[in-house]
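Each chain carries a letter (A, B, C and D) given by its place in the written order, and its residues are counted from 1.
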Amino acid sequence: MTVRVQEEDFDVGAELERLTQANKRIGGLTVFVGLVREMHMREGLHRDRIDALTLEHYPGMTEKALEEIEAEAHQRWPLEATLIVHRYGRLAAGDRIVLVAAGSPHREAAFEACAFLVDWLKTKAPFWKLEDTAAGEKWVGAHEGDAEAAARWEGKAKA
Amino acid sequence: MTVRVQEEDFDVGAELERLTQANKRIGGLTVFVGLVREMHMREGLHRDRIDALTLEHYPGMTEKALEEIEAEAHQRWPLEATLIVHRYGRLAAGDRIVLVAAGSPHREAAFEACAFLVDWLKTKAPFWKLEDTAAGEKWVGAHEGDAEAAARWEGKAKA
Amino acid sequence: MKVRYFAWMKRTVGLAEEQVEPPADVRTIADLVAWLRARSAGHAEALAEGAAFGAAIDHRTAPFDAPLAGAQEVAFFPPFTGG
Amino acid sequence: MKVRYFAWMKRTVGLAEEQVEPPADVRTIADLVAWLRARSAGHAEALAEGAAFGAAIDHRTAPFDAPLAGAQEVAFFPPFTGG
């Protein structure tokens, strides 16, 4: 169980190697990498390309929230290893934002736990995205689909 | 779209870097790494530890089957990038067997497509596992759960 | 008690944080919100009724009826958009 | 026509592949299975009725009633266990 919040990029291969090495009980490792996607936004007559964003977070609370989400995943699935690395600060299109990994003897548990971790961290960890557009800065609104995705794990019994 | 069947190990970080670089439309990349899990098997009075296995495949058919599965995923989800690397030959506990990755603008598509690729390659690509135990060699039987997992994607409309 | 503001609320209030000493009848987060609104036009706008924001007490998300007793740090923020 | 065997079927038949020329009345995979059984005790065991195995024609999975017309290579194998 590891949670890290950092400004610098992470090395996916090295992180996963460290996570699984010396643990021969992992049969399946599911990994999610979230990246800054180049987007086009229409607002009135303008069409802006979003080339970068700034991620703000709440130091102290962020780590606690991520650790609780991770502990919840271990409660629900038989996991051998989990990892959450989330960046903050200024990120450009194509940059990595977040790395989430869940390793289990069984692939179903690895898939479900990884999806759960991603869904919950989106709605329960204190991060905020500020987009840079040619027209200026714009705070990203919460995505309705995220709340729905997070809600599907509410009250679900242990798999 | 890339499919590779090879005896040698793969470098997860380098593979994913190659897959996503220069494509700024990927917002979510879901990855599955299958590993040889150390297992204990009970048979009659014996309890054997499985330390290694040999993966046999059907050269020519394997590549074709994996390419068809990959094409099917692109039919069903809006994917920007997919990768399947599957090893054959002798593998020890802790070794990587397979790498599956799906990148999409949207994380839901990335998760579903990756799970689909793993489920279908388990039941539709010609690989066979032979386990080495202290008591001798043993061909792995098909796992009932695999057929069920693969079946949940049958006839499903495009997401 | 320290009060912190994040994301657009920080810009609207014009402060990242402030030290406040609310009177004894400010017992819950909802009470604190109402009391803070009077501090400035920026406070009033950021903490307006109907605005979509949440709160935390000492690094843990808390509902608006949560008691403030013993709180060291209260934070206000818009819905999270990480990941 | 080339016939190939994989996994335990290869061990049981005792051959990885063989070149065969079945008579004209062997029209489907099912016909071929019945015809191959007579070749040896290993064939009979591997291809026994009720044994769990599948087949492919020219690198593509095929049902047992698939016609052999034009087939270059037919393969027999147990259920797949990759991934």
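Note that a contact is a pair of C-beta atoms (placed from the backbone, for glycine too) under 8 Å apart; a residue touches a chain by one contact, two chains touch by 3 or more.
Note that the structure is predicted; figures quoted are calculated from it, not measured.
Under the contact definition, subunit B and subunit D share no contacting chain. Using the mean of the Cα atoms as each chain's centre, the chain most removed from subunit B is C. Centre-to-centre separation between subunit A and subunit C, using Cα means, comes to 26 Å. Inter-chain centre distance (subunit C to subunit D, centres taken as mean C-alpha positions): 73 Å. With centres taken as mean Cα positions, subunit C sits 49 Å from subunit B. Across the assembly, subunit C contributes no residue in contact with two or more other chains.
Residues of subunit A found to touch two or more other chains are 34, 107, 118. Chain pairs that touch one another are A-B, A-C, B-D. Of all the residues in subunit B, the ones that touch subunit D in their complex are 34, 55-58, 60-61, 64-65, 86, 97-98, 118, 121-130, 139-143, 146.
Listed in rising order, the residues of subunit D touching subunit B in the complex are 4, 6-8, 52, 56, 59-61, 75, 77-83.
Across the interface of their complex, subunit B is touched by residues 11-14, 16-17, 20-38, 93-94, 105, 107-108, 110-111, 114-115, 118, 145, 149 of subunit A.
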